[in-house]
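Residue numbering begins at 1 within each chain, and the chains themselves are lettered A, B, C, D and E in the order written.
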Amino acid sequence: MTEWLERHIPKMVLAPSFIAILVFVYGFIAWTAWVSLTRSKLLPKYEIKGFIQYDRLFDSPRWDTAMGNLFIFGTLFIVTSMVLGLLLAILLDQKVRTEGVLRTIYLYPMALSMIVTGTAWKWIMNPGLGIENMVRGWGFENFSFDWVINPDRAIYAVVIAGVWQASGFVMALFLAGLRSVDGEIIKAAQVDGIPSYRIYSAIIIPSMAPIFLSAFIVLAHLAIKSFDLVIALTGGGPGYATDLPATYMYAMAFSRGDIGQAASSAMVMMAVVFAIIVPYLYSELRVKKHD
Amino acid sequence: EPQAEVLHWWTSGGEAKSVAVLQKEFADNGGTWTDMPVAGGGGDAAMTALRARVLSGNAPTAVQLKGPAIQEWYEEGVLADISAVAEAEGWADVLPASIAGHMKCDGNWCAAPVNVHRVDWIWANAEVLAANGIEMPNSWDEFNAAADKLAAAGITPLAHGGQAWQDATVFEAVALGILGADGFQKAFVDLDMETLKSDGMVAVFDQMRKMRGYVDDNFSGRDWNLATAMVMNGEAGFQIMGDWAKGEFLAAGKVPGDDFLCASVPGDGFLYNVDSFAMFDVKGDDKQAGQALLAELIVGKNFQEVFNLNKGSIPARVDVALDAFDSCAHLSAKDMTDSADNGSLLPSYAHGMALRGAQSGAITDVVTAHFNSDMSSAEAVQMLANAVQNSL
Amino acid sequence: MAPILDIKNLYKNYGPVEILKDINVAIEPGDFLVLVGPSGCGKSTLLNCIAGLEPITDGTIHIGGRDMTHVSPKDRDIAMVFQSYALYPTMSVAKNITFGMKVRGVDAATQERKLQEVAGQLQIEQLLHRRPGQLSGGQRQRVAMGRALVRDPKLFLFDEPLSNLDAKLRVEMRTEIKKLHQNLGATMVYVTHDQIEAMTLATKIVVLKGGIVQQIGSPAEIYNRPANLFVADFMGSPAMNLIPARAKPNGTGTQIEISRDGEAPLVLTDTQAPDLPEDVILGLRPEDIAEAGFRAGESVQKAECLIEMVEPAGADTFVVSHLGGKQVTARLHAETSAQSGKTLPLAFDLSKVSYFAPESGDRLN
Amino acid sequence: MTDLVINPTQSRPWGKILLRALLFALLGLFALFYLMPLFVMVTTSLKSLEEIRTGSLIAFPREITFEAWRTAWSGACTGIQCEGLRPYFWNSVVLAIPAVLISTVVGALNGYVIAQWRFRGANLIFSLLLFGCFIPFQVVLLPMARMLGLMGLAGTIPGLIFVHVIYGIGFTTLFFRNYYVTIPQELVKAAKVDGAGFFRIFWSIFLPLSLPIIVVTVIWQFTQIWNDFLFGVSFSQAGTQPVTVALNNIVNSTTGVKEYNVDMAAAIIAALPTLLVYVVAGKYFIRGLTAGSVKG
Amino acid sequence: MAPILDIKNLYKNYGPVEILKDINVAIEPGDFLVLVGPSGCGKSTLLNCIAGLEPITDGTIHIGGRDMTHVSPKDRDIAMVFQSYALYPTMSVAKNITFGMKVRGVDAATQERKLQEVAGQLQIEQLLHRRPGQLSGGQRQRVAMGRALVRDPKLFLFDEPLSNLDAKLRVEMRTEIKKLHQNLGATMVYVTHDQIEAMTLATKIVVLKGGIVQQIGSPAEIYNRPANLFVADFMGSPAMNLIPARAKPNGTGTQIEISRDGEAPLVLTDTQAPDLPEDVILGLRPEDIAEAGFRAGESVQKAECLIEMVEPAGADTFVVSHLGGKQVTARLHAETSAQSGKTLPLAFDLSKVSYFAPESGDRLN
């Protein structure tokens, strides 16, 4: 008996989490899938009506905009955060005496919720109140920075705020990565006559591939879930120019009373997540077996 | 002991004060009031919370809900029947029929109205208009002429905030003016496809394109009260906004008629937005007692007067003396009675009185997309028809 | 010939800590200099100073006759192989080898030619397209070597290049490095803390301890005439037996008396001993203590000793006895009849003996 | 470690100085970029309403007043109550602390099992857990509400804790698992031979080793839970609303006069605990990342 | 005496992969069993199976006469020392050693007594309050040993306990383990892939390859009479020379012909060779090839060989020549006059020779 218990304790410890996840994640996904096949309005109904919600979804120009925005936002947000994070990490890696303070400054946005900082960013980027106004006040009358209110540019304003919030974290990841590169490799490169920038670009950075992957996953996850950011900064506007799938889904479920539609959009979002996460999981679990 | 938990999104300034009146009355009648305010997104957040509460079987006693949403919730089978209170209080006699209609579910009373907002107001700075020799416009052409004049004088013609619901507010005011009461009814209440695709609708979008030109550069995301302040400060000439804007003027010590002007937007009709509390099914005697008491107090004369004085709207019941109200309110009350008679008393689509969320949202999507881009009117009409069709 | 590497009065501090103290070393072209010493004695630091990877506190370094004290590593015309090999992990073997040339702007044809040349020399032709992660330890070692060879530098520096390999591979690679040295006639500086490596590879050995040079000399000098107790103990495996003894000059030579637990002391007579103080440490390598029948000669003295342990090790058998309060190891033939717990007559070859002063540890003869 | 730009033996001091100056200029510029919103928030919160209306946003206050802070803490109205953020702040505290602790402990145990007691299917379970991190939370609101109702936890703080624990497990498990896989399995073997059981090994050997990763996990979880709005607004009722909901009520009222200084003060107050955690423990955060969770 | 460890028909699979195949090993109390084999051959797996840390697929394990096949590790009365020592990093040395006792509920006084006893034995008294991180490799090794000793188990298991140490320390610790074994009379199972360790420590050696036992025997048997080419090549350093040759029986014995590059083949005559096929592999250890003047006897055959390289290694000098297309190493005295590039007469001691079949690799004599 105790032998049996001993052998199975690990499984029993994992079991509650496993069951919880099965019910509260996968059960709910299944529930959503089901609801996406119904005509649920204000509250869920369970009578299957086929794929009508998906037809509506793909017919909706707003959903198109949302997906388009996710693509633009996702790409720019991830790329910019990575580039900026990497740059900051490299700069901080140059034996800067004030590193501790600077690191905290770069990292703190991660601590704030977007509900909190969205307002500040809204002001800063508002042409009448913020930077544009300030720069014009300095005498540059033609300076213009009106992205938040320009439907064609507003999504880039969201990118700025997003990058502001996430790049510090990416910096931390990369800094940790730089710090774990074998010092002998760098010495070898120096003796080999390779200049500093080439050491970074050709040797160190390529060797941090796993960290790029981690950063990518964290950022992709933030991009897909980005909701607070848009709500606080633009409310999805001007018009619905900055709608993202998450805000679309939220609007459908909670202000439109169109839960069926919301569920179908959620399923599409989940498919996107799946497409990103499965390769990651694959590499993660395979690599570990390797070493 | 009567108990009530009230979910609402009146969280600040005049509104909060107005709710406080109700709470005080409730307490005076021996009840315990639990306040559950959820601000943000014009009630979106509150609706999120409501849905979660209902699904978890823990609905609040009363919820700030209005228009077809009440019926929608009723259809989900979660609303209570308060006919007993309504009959005892004789609500049917004191509420205008179209408003009463919103409060009934399958013939039973299920919600209590608080007020009537008029949505199709146009507000103006008296001084600015006088200085430029402009009268309150009676047609959209007059409005355009006045606006051009203001623009020439370097004043922003139309104070506006670039939020979807504000775009929709302007849009429905324009639509009412151009399509007329009948057309409005067909388009935004009955969702008649013919009307939605008609030339009249093209004209409406044409006018919207003009309106876009009258707005300043910084309008995006601006809160409506900041737009009102622009009118107040003489930075802008007009604002098209519901009568809650009046509260801002009054709060700043401005006098209607002298400092600012109010008029209905060009065209016939009255777009109303009735705030109300829907009563949810709750268990327990004290909660049900609280619910009944709450309903009684909400429609009570005292609360209707005090609340609306604070809020800028007019009482829902017609037998409240309006002595304490200002001239704009008087105008509103008179117009309401008149249009009720000639059939032009219409629910506001922009404020969720005319249509269910999915449809009104679909329309707003098109309106705001058009307003914020250089889409042609013809395209917009086509899109509108598709969106409405798609949302059904 | 002018020395190719000439280090004069080199000091190196990390902050307040002196790591290297007054190092003076010079080597000729074609030399194979090995730096040995225990962990933390400053071997890597010295190598880094030669490479220019660490600034030095005082002194000068000349390479090929030029003062290189303040020249950056890439201009010193050196190549270095590291303990962890430090291969560029994301580049193929070929790119690892050619990257330095590429950066220097060597044309593609030359790169290719040199690559093939080196790859042939090291027999890694079929590995050129692989990543370092796909190589075994020995293969990595070869690639690291290739990266150095392709440079054709004045000086090769090696920092414990074999210590990550297992015993068998280590022996093989050692031979290969030796051959490479002989074939190329290159000059090499090689760090290890394995004294067998030091002995087999070096033409010249520097023994370091605590940042101070203990002895510089050829392998034979260091092995046969260690300058002090530290070097005596450090070089050779099993280590030299260091036995406290008392020296008493008598007519023919010096009588060396070694105490034994519960037995009469062991007395040996060294006819060639110099003037010794009374207390000395006698040093004798295991192979200089043999089974009595197998070693003869003028300087060989015999004595019965109690064997405590017998350790057969394939080709040899080591036996351990107890003399002067120390364990004494002797290296016997594999076919020895020694048994633990029994006595055995042992022969001590005093022609190979070293004497040290107990306090200073310095060599006396 | 990596020591690149300053190559000590490369002389040409003026070139070096120029490089360094450029470096610091860049670092400083970025610091400004990151500090700007905080600067706006802090200065605004210290201004009077009058000054905000008339002055520029990006300017130091002419006159500093802490009135807005007092109001935000204990006087601002969220609906008809005018108690400021204070009561909601404490709700958040009693909510966040247990939620963080429980999810960390569960994550640690899960990570320990997955990394060190591998059994068939453990990796599958890990994948499933991990995928759970990426589920958009809007999706789970409605079914979760139903479940909470069924469990009788609707509208309660334990209910909220439960929700946060469930959706935190994925990340906490990921962190601990990635940390524990770097610890050699021989440790468990040695302890098994020594006669220790599952929990004993965890408690005596792994837990004392886990400080860096505990710091990372706690910071991450605390930030997530403290800043959460969606769950807070959906699964609370009057009296159990967390501080973010109250903040939203103060900041996002659509009518009435907007007291921007109070809004900003309230925003900073709501963010103080997380800010504090980052400032105090940020160093350990990086260290913890280096220690394990960074591994691909 | 009944075997203290008896493994019968043990199979171990990881999923579909067979790691261990039909292992049969038994040892007596007091034995020192060493498992050797190349990396990945299943040594650690076998040890883990004995310890009960891995379930086995088939077969039985008896320890001290009891069937322990399905008993949990803590009830098998074993102690284990790991390659990485697996010291509990957050506990002091004292706690590391007493942790097992504490878990088993031994009272504090006994714990203390045993701790002191073991600490004295291993001379780590002054380290008891330190953390493992503050210890050197050798000290860690001792603590790991202490943790095992304090248990006083039926069986000690060691998984490459010395492979993390440097060469010098490895030799010292090896001797210490040997002494420990002799003093305690304990039974030990010891994994290594270092054949010198295997030779010096074992009373019995098991050579594994690919999960299959190649040979079981005493060190001398394995060294002198390897069962196949794999064992021959694996045991001994430098490795046994394995030279392709052709066997031609003639009157007195068998003529063994070894080809040489550009020279006449080398011909040796073995008078004791059994019936050999034509193609054989001749195996001769480096120490069985000596300088001609130093070895004599009936079975010794001499020949001039071209020396390619000379490697002095302190006590010995290795020289490398080329025979039968292979490098052949001979172990000569340190004082040899061999010079690379010159020829030297070498003596081949055919009394020690092994013959193998080229295809199967099996021993022929």
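Throughout what follows, a residue touches a chain if its C-beta (ideal position, glycine included) is under 8 Å from a C-beta of that chain, and two chains touch if they have at least 3 such contacts.
Just so it is clear, the model here is predicted, and its values are computed rather than measured.
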Shared chain contacts [subunit A and subunit E, defined touch]: C, D
Target subunit C, source subunit B, minimum contact steps: 2
Chain pair with more C-beta contacts, B-D versus A-C: B-D
Centre distance in Å when subunit A and subunit B are each reduced to the mean of their C-alpha atoms: 37
Mean-CA-position distance for subunit E and subunit B (Å): 91
Geometric centre distance via CA averages, subunit D-subunit C, whole Å: 55
Chain centre separation (subunit A, subunit D; CA means) in Å: 15
Contacts with two or more other chains, residues of subunit E listed in rising order: 72
Residues within subunit B bordering two or more other chains: 41-42, 45, 48, 51, 54-55
Per-residue multi-chain contacts in subunit A, two or more chains: 6, 190, 209, 250, 253
In the complex, subunit E residues that touch subunit C: 39, 163, 166-168, 171, 175, 178-179, 182, 193-196, 199-200, 219-220, 223, 235-239, 285-287, 309, 311-315, 318, 320, 331, 334, 340
Subunit B partner contacts - residues on subunit A that touch it in the complex: 41-43, 56, 59-62, 122, 126-128, 146, 148-151, 154, 231, 234-241, 250-251, 253-258, 261
Subunit A-touching residues of subunit C, taken from the complex the two chains share: 48, 51, 53, 73-75, 78-80, 82-84, 86-91, 99-100, 103-104, 147, 151, 157, 159
Of subunit D, residues touching subunit E in the complex: 184, 186-187, 189-196, 200, 204-205, 208-209
Residues of subunit D touching subunit B in the complex: 77-81, 141-142, 144-146, 148-150, 154-155, 230, 233-239, 245, 248-258
